[in-house]
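Each chain gets a letter, A, B, C, D, E and F, in the order it is written, and its residues are counted from 1.
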Amino acid sequence: MNKNVIPVGPFHPLLEEAEYFTLTVDGETVVDIELDIGWMHRGHEFISEQKTFTQSIFLVERICGICSTSHPLALVHAIEDVDNIEIPERAAYIRTLIGELERIHSHLLWLGLAGHFIGYDTVWMWAWKYREPVLEMFEVISGNRNHYGMMRVGGVSKDVEPAKISELAKNLDMIQTKLEMIAKAVNDDPVLKSRLKGVGVLTKQAAIDFCAVGPTSRASGIPADVRKTDPKDAYGMVDFKVIVLQNGDVYDKLVLRVLETFESIKIVKQCLDKLAENNSPILNDIKEIKPGEGIGRYEAPRGEVFHYVRTDGTNRPIRHKVRAPSYVNIPTFQASCKGIPIADALITLAAVDPCYCCTERSLKFIDINHDPLKYDLLKISREKTESFRRQINGL
Amino acid sequence: MGWYNKRLAKSIWVFHMSASPCNNCDIEILDLLTPKYDIERLGIKLVGSVRHADVILLSGVINQKVAPRVKKIYEQAAKPCFVVGVGTCPSGGCCFNDSYNIVEKREDVIPIDMYIPGCPPKPEAMIEGVAKLIGVLNG
Amino acid sequence: MGLKKLLIDIPALIDSGISAEEIECEYIYHRKNHGAFSLLEIAEFASYCRQCKDAFCVAACPKDALEHLESGVIKRWNMRCVGCKSCVLACPFGTIFPEVINYISANCDFCINQFEADPDFQPLCVKTAPPNTLKIVAMVNEDKKNHVYFCGENVAVKSPSWRMKEERV
Amino acid sequence: MDKKEKFLQKFESKIEKIIDKHERLYFNVKNEDFLEVVNHLINDLGCRLSTATGMETYHHVEVLYHFSHDESGQYFCPRVIMPDKNNPTMNSITQLVIGAEWIEREIHDFWGVNFIGHPRLEPLMIGDHPKGAERKNQFRFKRVEHE
Amino acid sequence: MKPEFVFYLLVFPGLLFTSVLGLLIGWVDRKVTARFTYRVGPPLFQNFNDFFKLLGKETIIVKEGVHSLFIVAPFIAFGVMVLISAIIGTALFYQYDLGADIIVVMYLLMIYSVMIILGGASTGNVYSSVGAGREIKLLLADELAFILICLVPIIKSGYQIKLDSILMAQVTNGAFIGSFSGLIAFIIGILCIQAKMALTPFSIPEAETELVEGPLMEYSGPPLAFWKLNQLMMYVAFPFLLILLFWGGFELIGIGILWAVLKYLSIVVLMIIIKNTNPRIRIDTALHFFWKIATPLAFIAIILAVFGY
Amino acid sequence: MVYNNLLLLIFIPLAAGIINIILPRVIAKLSAVVSLCINFYLIYLVYLGDNAPFAFFDTLILSFSQMGFFSLIFIQLLSFIILFFSLKGVESSIEKMFFILYPLTVAFCNGVVLSNHVFSFLIFWGLSGLTLYLFGLLGKTKEAPKTAKKTFIIIGGSDALLIMGFVIIWLLKGTTSWSIFELKTALDNPASIIALTFLLIAAFAKAGGFPFHTWVPDFALDAPIESAAFLPASLDKLLGIYLLTLMVTILFEIGLLVNMIIISLGTLTVITAVMMAMNQHNGKKLLGYHAVSQVGYMIMGIGSGSALAFAGGLFHLVNHTIYKSDLFLTLGSVEKQTKTAELDNLGGLGKKMPITFVMALIGALSISGIPPFNGFFSKWMIYQGLIEKAALLQPVYQLWLLVCIILAVFGSALTLASFMKFLHAIYLGRRPKIYDDVKEAPINQWLATSALSLLCIGFGIFALRFPLSKIIFPAIESNGIIVPEFLGLYIPQLIVMLFLIGFIVGMGIYLFTKKVRYDEVYLGGSEPLEKFRVAGTEFYNEIRNMKPLKTIYDMAEKKYFDIYEMGSKSTFALSRVLQKGHPGQLQLYILYIIIGLLVFIALI
């Protein structure tokens, strides 16, 4: 047979990031898929080892902006795991609140993008319209729409002002009713259903073999959810269900995400209630991190985020490993994309909700030469600070 | 070409190029298209092929692997084509300056005409940036 | 490391006029790790510091990062310190060297790993420091006459010490 | 932790340097026994491979695997130590878990670990990019040259 | 060739009229779409700005491609679109046939697809090639149903194939849309032109998020401007064709003008609504839909028409 | 008597063929060309009225008829152009044989269309089949002998039926005249229907109508491509359709039902062949299937009993021979340059062979019936004829006819589709590296294809002015059919003018505003590696894999519908005997025909 190969990427409107697949096709049927990553590789693990833990939290937030609190949460879990640090109850609720709000916005984002990818821009616009209030809630809580900077080792950095809680709850109710409307519209759409049902099936066995996590695996019938199996923060104290569906196709992934959004709303409501009555401090200001190693994880909207840190007693890790959910979910394409038309393959690629940003963080190299890296603006500003300092010292 | 520039200013088709960002800028760029911000009312449209683009929205510190591609894509764009660096990443490298894998001088890879700082910049900031660009085009 | 100790000769170091930044370190886990800074920090709090009762430095620290340990020695908690150097300004005795109190703290592991492999090992700090300022010595006891004091297991400091003068040990 | 106890008993002779703290179990395994342990973890205990961490220390290169036992939240982390820093070699677990393919490729890319039995040991992240590779070599194993 | 033909072609209802109306209707499309999604939408002259802006941009030609074909394709398509709209328009507005009957129009319409395919594929771009493949498959899908529905007015007008005769037949006997067969054919006709214009749910060849605009991917500058213009001109030509074939044409006196505008707008808005409430379907689903659902329905319309319903 | 233009028309190429056996190659080419040139002159003389019939011992053997003259013109025209194409580039090992067979074939074909006597008709008919077989044997592929055999058996078998058919007619008629033109039979008894069937089979087999078409694609694939352009694409079509025309006008009185059946067979031919063509991976085979599918239109037109459609059918025959030879020849040029006609391996040659590409494009658009090319005009006439006919029928017949019309119109969309694939796979898309130094075809080749393409355009735009009014209408009217007014309206000149105005306006704006830059292909930033290509041959996989079609295609691929393959199994013994007796000698073959005739006469 003649081999036709189609490259997808690195800049392809399918995803907002640079990614690169080569699809071998027969007509329009994908017979083989090859993945090439590294376009987003910025060396987070390496940078993190140059920064203090507190800085690292901000750094890992910038691993990826979509679920930008998952990585900080997993990192603080890991650091806390080194030294068995406890956090105050209020902090636990705030963490959970932020985490779940983020799940809502992230799932809505995916829902919208999925609509966009199959040319259904109306879904995109609607989903994103109601994602906006979630971002506003973030702005009320943390001051930022994204990259909230809320996590700290031992607690959180900002409190939820009690006066705002009722407003937030009201907002949430609004979102819920609107979401119910969208969910209904999406679920009842026969064209959408016929377009997505049975497309890009990831079997349970394949999900296990590829170690898939998060919605990708839950849609294939694997009931794994870090929030339940390793409840940190307030997850042990709130009531919620883990949604599991069986078919593993794109449609199930869609439904699963929609249902999960409602669970998240439930959790957020509980957190808000608890926050209204609880008055403990929000930060356990720890003094130092002992040498040791720790594992932290968190159920990001896309699945388990895994952080491993090893410390030597300074305020920096000596090894910081990040494993993002997409890192294990993306290879499942090899199982789910073969033998289906290009149009289906592309929506299947998107159904995993892959984010290459965090798939391609990574690694440190040991360098004894301290060769200075060259930078521009930052360097200039640092030099400026340095000269100020010298002047002050000189005085 | 004042007349032409005015047309250009009223019809800016943007191509969105993510060169190792954290994705947040990209999401916020997309956010611009959605109901709350709706930059289509300024005649701005997102296009999929760089051949159609008038403005390339570049986000992210450019890493070594993606740099040649970024350069290539810029060369493949139909001129006139402006490059707007969205976010702190293209303007200052954000927190990635210590990385071994990013290019040292982004301007060597792609001539950036305008920066919109912020991490990520608020959509309002981006709109303002775009408005400034339009202002420049209008002369 | 056994009996070997890393001796820091502070007067000699000051005399040499060379900044501590220029002393290299072969600690591999962090790039740009100034192992010597952490040595100096140990040394300054151990020998120069007057260990004031109502320590100005402690009071001045905006982040509560300084603390009197039970032994009287001041300890800087690296998770709290933001390197603002208020303590440097506050100390009436100029005890605290500004360059060592950094936000990003450095570490010296005394090259234990290397010594395990090679007993005659000379660490990079010893090699790159001005002659006789840093050296590996085999000592069993403190040599108070020559103002050589031990801090912890692996370090010896040669410096005039307020602690000794006031016989507060 | 019933499972953990049993595991420790079963492999008493094969694992060492056990660090056991609240639901995380770190232990060293020799390369020869490694596959057996992993096989037990995956097929008998039903663990899921979270990831693996490569790291270089003064005298060796090590790879630390993280197996999550999802039912109980327990982590099993076998650590394989390779004393030959210039040419670290160990067994690949890709036959047991397909999902390890990328993880091991990445470790190969950054730490030069040769996984025996890996189907496709090519650089993953920056390997094929000449400049990246050059930089990577600049950074990697400087220590060895220095001595 | 009479001189007024040039007027028909270049001014009304041909080039000038169709392109201006097309650009305006393009705005209606974007505006309605925007309102659908709670947005404001672009300003009135947006499409004009887009068009003139593209004229001033660079044209990039792919080195390895077939240059002349790449450049000529959009203009041939443009010429054909102008021609078609002039033919349909003269029939509608002047009840005069401009040298072509309905069969010719049907075949002329194919040229547009041919040009998209040739222009796109001439670059050697894989996406364009896949897009070209889809374009032709889509053409096959809708063509069958389209032939059928074009036969309905032919039958109903007593086997007339001249456009003005079909129109006349409606003037005397009432619009065909009033009969069962006419109605069915009209509805299927809307779906067919939806597919011919490659609007969602049939935006398969140019699937932006899959194929990066497919055949148009490599185009830039003036040729792209003309492609976009062609697409917008179809917004005029196709509804006009439907009105001509089924809805009794226009009666441009008094209240009739309002009726004419309403007829036209209702078709356009219906298309926009379909476009906005459906996801893009797969090409095999489209084939399936047109061949196994629309065609039998259209055939029923034909049977009804033959028996006079 | 010796000097008779009609005889000379046969004799000169015959002589050229025979002396070519001893002439060296270069002169052989020359003699072939010269013989055709003389023929042109002869035709001119005939046109001027010097068309005395040729009789042999008082038996009228050759005579002039408008229909025959019509065919004659196009036989010479096509032969000449294809000969010009073949002057350079025919494989040297077969060149000698080629230039012997070529004039012979022309001679035989001329013989068929000039024959008045049934016997001469049959003999020339059989001889033209023989040269077809011999051409098939010249093929270089492994399958060539098998294909040649298959061709021969189908054609030869149908010849036998043809003979029987004529004999039946002759017996029914009960005359002593053996003139073709005096055998008109009414279809009122089973014997005449059998005769009609036999003749239909012969015509279909020669022209390549369903279900006797199966030799055409195979022949196209295996025989030398010039001969594929020469015989199945043009001369055989002319002969087969000539026979069909004879049948519907001269030999039989045809009723409505027969008309409908012939139309349906035509439709079937159109659809089945084009569906098969769509999924071919070899260019020659694809063209071969199209050669079949287009016959469907002619059959529809000629068999419909409507004058307009009849004229359309004849015109379509002309057009088809033109554009199909054009397509075969361009493919031949490509094959000569690249050594392959496998669509999978080709691609992007449009840049390297621009003239060939344009000619192929024109051919492809003509065959797909895109206005203003010639293919459209004839199809348009056929549709009109059919629609006109439908208007007069009972509802049930109306529906039947409408289905045929729909399928025929759709068939041209399918044709367009498969030619888009054809063009894409050969000329567009990405060029594999190995073809980087492919050159444009030699001048004789592209001149030949250009001539054909010009004919495509000219016949399309000036259809009414020249080919229809000067050649085709007279041919029809000689049969007593008056061509009525057109039902629809199509003024190609006007359409083209108007189109050109629009086009020039657009082009003008472009030329005024253009700023051109050349660049690499844009693939989202990835390197344009050689492997990133879409050959285009799999465009129609979705259609192929659609539910009911898939089984049909699978069956077709297993040759369930191939009358020869099926027949060869059942008539194995017979065919083996036939094979033994086929060393390819002329005398033997003539002997067979005569024996067959005698046996048959004896039987009756």
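In this text, a residue touches a chain if its C-beta (ideal position, glycine included) is under 8 Å from a C-beta of that chain, and two chains touch if they have at least 3 such contacts.
Just so you know, these numbers come straight off a predicted model, no measurement behind them.
Enquirer: Based on which chains touch which, give the shortest step count from subunit C to subunit D.
Expert: The fewest touching-chain steps linking subunit C to subunit D number 1.
Enquirer: Applying the contact rule given earlier, which two chains have the most C-beta pairs between them?
Expert: Of all chain pairs, the one joined by the most C-beta contacts is E-F.
Enquirer: Starting from the Cα centroid of subunit E, hunt down the chain whose centroid lies farthest away.
Expert: Centroid comparison gives C as the farthest chain from subunit E.
Enquirer: What's the farthest chain from subunit D if centres are computed as the mean of the Cα atoms?
Expert: Greatest centre separation from subunit D goes to chain F.
Enquirer: Taking the mean of the CA coordinates per chain, how far is subunit B from subunit D in Å?
Expert: 41
Enquirer: Between subunit A and subunit E, what's the gap in Å when you average each chain's C-alpha atoms?
Expert: Comparing mean C-alpha positions, subunit E is 44 Å from subunit A.
Enquirer: Centroid from C-alpha atoms only, then distance subunit D to subunit E, rounded to Å. What do you get?
Expert: Comparing mean C-alpha positions, subunit E is 61 Å from subunit D.
Enquirer: Round to the nearest whole Å and give the separation of the Cα centres of subunit B and subunit E.
Expert: Here subunit B and subunit E have centroids separated by 35 Å.
Enquirer: I need the residues of subunit E touching at least two other chains; which ones are they?
Expert: 37-39, 56-60, 126-127, 130, 133, 208-209, 212, 217-218, 221, 283-284
Enquirer: Note the residues in subunit D that touch 2 or more other chains, in rising order.
Expert: Each of 56, 126, 129, 132, 136, 139, 143, 146 in subunit D touches at least two other chains.
Enquirer: Which subunit B residues touch at least two other chains?
Expert: Touching at least two other chains: 34-35, 48-51, 65, 69, 73, 76, 78-79, 100-101.
Enquirer: Over in the complex, which subunit C residues touch subunit A? Could you list them?
Expert: 24, 26, 28-32, 64-65, 67, 77-80, 98, 103-107, 109
Enquirer: For a test of understanding, state which residues of subunit F touch subunit E in their complex under the given definition.
Expert: Subunit F residues touching subunit E: 347-348, 350-351, 354, 357, 361, 365, 368-371, 376, 380, 383-384, 387-388, 390-391, 395, 398-399, 402, 405-406, 409-410, 412-414, 416-417, 420-421, 423-424, 427-431, 487-491, 493-495, 497-507, 509-510, 513-524, 532-534, 536, 538-540, 542-543, 545-546.
Enquirer: Would you tell me which residues of subunit C are touching subunit D in their complex?
Expert: Residues 26, 28, 113-114, 117.
Enquirer: Can you check the complex and tell me which residues of subunit E touch subunit A?
Expert: 33, 36-39, 126-127, 130, 133-134, 200-201, 203-204, 207-210, 212, 276-285
Enquirer: Quick one: which bits of subunit A touch subunit F in the complex? Just the residue numbers, please.
Expert: For subunit A paired with subunit F, touching residues are 2-12, 18, 20, 22, 25-29, 341.
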